[in-house]
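Letters are used for the chains, namely A, B, C and D, taken in the order the chains are written, and counting of residues starts over at 1 for each.
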Amino acid sequence: MDIFKLRKDKFADFLASLGGYKLFAPQKVGESIRFAPVTDAGKVELALANTTVPPKSIFFPQTETLYRYALGNTEMHPPAEGEAGVVLGVRPCDARAQVIVDNLFSWDVDDPYYLERRKKIAVVGLACNKPCVNCFCLSVGGDPASTEGLDLLMTELDDAYLLQPLTEKGEKLSQAVAAVAEAAETGDLDEAEKLHRQAREKINRKVETDGIPQKLPGLWDDALWQNTAASCLGCGICTFLCPTCHCFDIQDEVEGIDGRRCRMWDSCMFKEYTLHASGHNPRPTRRERTRNRINHKYNYFVQKFDVIACVGCGRCISFCPVNIDIVEILRQVKEAR
Amino acid sequence: MSAQFEPNIVAFLCNWCSYAGADLAGTSRTHYPPNLNVIRVMCSGRVNPLFVVNALQQGADGVLVSGCHPGDCHYMEGNFHARRRFTLLRELIEYVGVEPGRFNMSWVSASEGAKWKDVVGEVVVKAKEAGPFKQFRRDKINW
Amino acid sequence: MCNNANPYVPFTATIEDTWFETVGDRCVKTFKVILDDAAARANWSHQPGQCAMVGLLGVGESMFCISCSPTEGDFLRFSVMRMGKVTQALHELEAGDKITVRGPYGNSFPLEEWKGKHILTIGGGIGQAPLRPIVEYVQAKLDQYAGLTMIYGARTSGDLCFKNEFAEISKNDDLTCHLTIDLAEEGWDYNVGFVPSLLMDVNPSPENTIAITCGPPIMIRFVLENLKKLNFDDAQIYTTLENRMKCGFGKCGRCNVGSLYVCKDGPVFSYATLKDIPEAFA
Amino acid sequence: MVDVEKLKKIARETISRDDVRCLIGWRQGSYGFRAAPHFVGKPEEADQLIFSPLCSHNLATYLTLAEKLPVPRGQEPDTRKVALLVKGCDSRAVVQQLVEQGIRRENVLVIGCPCRGVVDQKKVEAKYPDMGAAVTADWGEKTVIFNLPSGRVEAPREEVLAGKCMTCRYPNPLLADIEAGDAVAVWGSDEYTDVREMEAGDPRQRWLFWEEKFSSCIRCYSCRNVCPMCYCEDCILDRLNPGWVWRSANTSENTAFQLARAFHLAGRCIECGECERVCPVDIPLMKLNRKLTKEVREKFAFEPGTDPESKPLQASYRPDDKADFIL
């Protein structure tokens, strides 16, 4: 697969050439940047280290109809098939996260809603040249220029983008690119390689994660969890903004006689997440929930799918209102006797 | 607003005064617009501000909360609390973008059948002026 | 497993018959349910211990153990205690009403492995619902098992479920049934006291025996202690766990007990697996 | 001005008292311009305490946040006090919680820290993007001093302080058992310009503004959980039966959520600005709450959390309350 060089001033034409697809890209929604359908190429924002809300919101929307029904009769109508799409400007860590979440949504029973979107929507990555202060992807098997989970990787040079197709979905996209871009020269490739290397050096957040899944069971009653959870507010930021968090709730909504059963993001940090109707709660305080969140990602998921369910994107660190820092927690787990 | 738009208004009437006043208006055959869906509550102080927001969500174009005149409340202070509560709620929902005519409050005692007719008339006119409520209405279209 | 392509879309089912097992505010109502679609009925196969998501369109869905043995017939039975939003709505239903069912979910009691063994069920209150399919299954295939002992207790005689079935059990001498209630009531001529102490009185021998216990966590804790006193081996003791569930097949993430999902790796667990999982009895 | 060494000494003495269970203050955060709540259980843990422009958290929320688990049989409930470091705005939260009997006076020991303004995380991170490890900060004359990895910089306070500090009329704690420093000058003034500017538009313009903000809400409930005044045991938003506000994240439910939250703070919001600070999608929540605090001040001449003897606004009334809009 040959690599293309797309001039920045041709970027809008490139987006136009993807007209056949439903295009998503990072844009300002309200006051923050997240992935949203592209209506105006000028609004696409690729400069930020990463979006606030991860691209999981494209494959696993915050609220999604499972099926509709009318009260009184029992037919249930799942939504129609989605259309082919492209999500552009995905950072390598988020793309890796989606591959990790694929494990769960195809474990033993296939989740039709999520997997259909994963099949139909191509992922165009954007390599990180300027990692943010809380990125620690190198510590969990990631890389600012990793191609895992990507169909096409873009690398930003000073006046152009280097486009490298990786899968046949990516190959199909690059045919659309061919019209507006030219073949890249070796000079560009070295430039891109240099940028990737510099990005790796810029990541100063590091933590030793091997051995952590084996150590966590022994720390079940360690004071670490109480000390960490003391300042936790029990809100949903760290889970809703986490690209590997996949938990959801199912609720019924009825308006007049039309109803729908829908699912929406849920957080293990909320009290109601495990609250039984009888009032009993197996995880009554924030200590158990904090312990469960870290164990799920660095122990339980590893036992089931042999991969750490964390890609080091740093969102849970940057957006936690009380600065609970997962790298600090992991360091304490590593150092605990 | 187009003439044929008929607003859908939800009215919370306190059982002791306004509901009785509305009943009196009915028994004395007074004519007034039929747009009201009345919900009887034991006191205007019982109406939770979330009821008003929820009514607007579910398709009401206007909401009326009507209770006893200050001092007549069967429970002594229900309407005083309601007055404070809905003074603030009205400011809040108008600040967010709900047109001023949509939310109304009134004191109608059990003997004021005529006043009830005027209140309903005014509320319906205001709701017609404001037009169909679309701001934060639940719309099952994009389910 | 759910047979149609979309595991979230349930089958519709009709309530053939329903009756109250107990009275009071947390009463238990049993539903005998037939799947509407003939193909679904034919493909449906569940084992004792498995559970299913029972739902009501417009209200919601909840997970209940299927409290009938496959040997009993082509229907499903659920015993539902009135507790939250869905159970209250279910309790208002009558025969002929429509509900939705999806499943069966979870693993089941390894009844094949237990062939030739003596089965000991220890239930408390609504905890008898997941045990009832074992009792029915063993009764139907008594020749393959070395008899059954049933210990079952509740707060009051009114709280005992499936009362109409005890008389028939005690008729057969291979099946012994011990009932108890917490406090003495006039007109009650069986044991009085808590289930764990009745277990010690019955004093079952651990020889070639499998013990299965379900009930309120406090009862399970003492029953497990007593079973250890009667030197039952960990692998001989089974229980079912209960957690809030939304999907039923390992996606929504909430029913985990430590690293085990109650809906996938359970609800049936042997004590050997559970004893080194601290969150199991939280 | 608060001398941090004196503050640490006070903290060490306080935590050594046998009627104090723990002391809550701030410590340096794990990166950039962050501070973090710090729970002191033993005197030596007090050494990490700081008090600087980074200490934006309102710690009063922890007085009501801890879960109240049933006391195991045979154990006595722990009635020792919780000591709390409070800035001026935080102290109003403690006062209002006392007025509403959310907490009891004997359970809390307040250490007042006169405050000269805390930074707005987004303004500072935009102004100094190349922050790395932890950055310390301090107050200058009318400025804030940062010790960046690239050296010491000083910025005029208007450019870096949080919006709430520019309009702050209560920098000195209104309630304190121990004073950790002497009072500071009040320099903020509040004309509610942000609210008046919003009121000036017509309803359609206002709705366009709020629709865009509310539709971007992801319902993480951090604005509710951080708020010292949001301490209901069983929040109406989490109830399913009846489910007044649905859990789906769309404009209608998000608006109902924000209106319910804002209204439940009418006459109770002490303008500590935490909801706006923690919102991950930067919804201007103070612009919403301050509308009600302005109305409450103008219509009922009431300021929550300023007078420990006052009665909660919505739990009391005056027969002559003015309400000209009532038909």
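As a convention for this text, a residue touches a chain if its C-beta (ideal position, glycine included) is under 8 Å from a C-beta of that chain, and two chains touch if they have at least 3 such contacts.
These numbers come from a predicted model, not from an experiment.
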Distance in whole angstrom between the CA centres of subunit C and subunit D is 49
Note: subunit D sits from subunit A at a C-alpha centroid distance in Å of 31
Distance between the CA centroids of subunit B and subunit C (whole Å) is 51
Two or more other chains are touched by the subunit A residues 249, 251, 262
The positions of subunit D in contact with two or more other chains are 240, 250
Subunit C touches at least 2 other chains through residues 60, 84-85
Contact graph of the chains (line, ring, star, complete, other): other
Here the pairs of chains that touch are A-B, A-C, A-D, B-D, C-D
Contacts from subunit A onto subunit B in the complex sit at residues 65, 68, 255, 258, 260, 262
Subunit D contacts subunit B in the complex at 195, 198-199, 203-204, 206-211, 214, 236, 244-245, 250-253, 255-256, 259-260, 262-263, 266-267, 288, 291-292, 295-296, 299-300, 313-314, 317-319, 321, 323, 325-327
Per the touch rule above, subunit C residues touching subunit A in the complex are 1-2, 5-10, 12, 36, 55, 57-62, 83-85, 87, 98, 100, 217, 242-244, 246-247, 249-254, 256-259, 264, 278-279, 282
The residues of subunit C that touch subunit D in their complex are 60, 84-85, 88
The answer for subunit A against subunit C in the complex is residues 66-67, 69, 71, 74, 76, 78, 104-105, 107-113, 220-221, 246-252, 254, 259, 261, 263, 266, 268, 273-278, 280, 282-283, 288, 292, 295-296, 299-300, 303-304
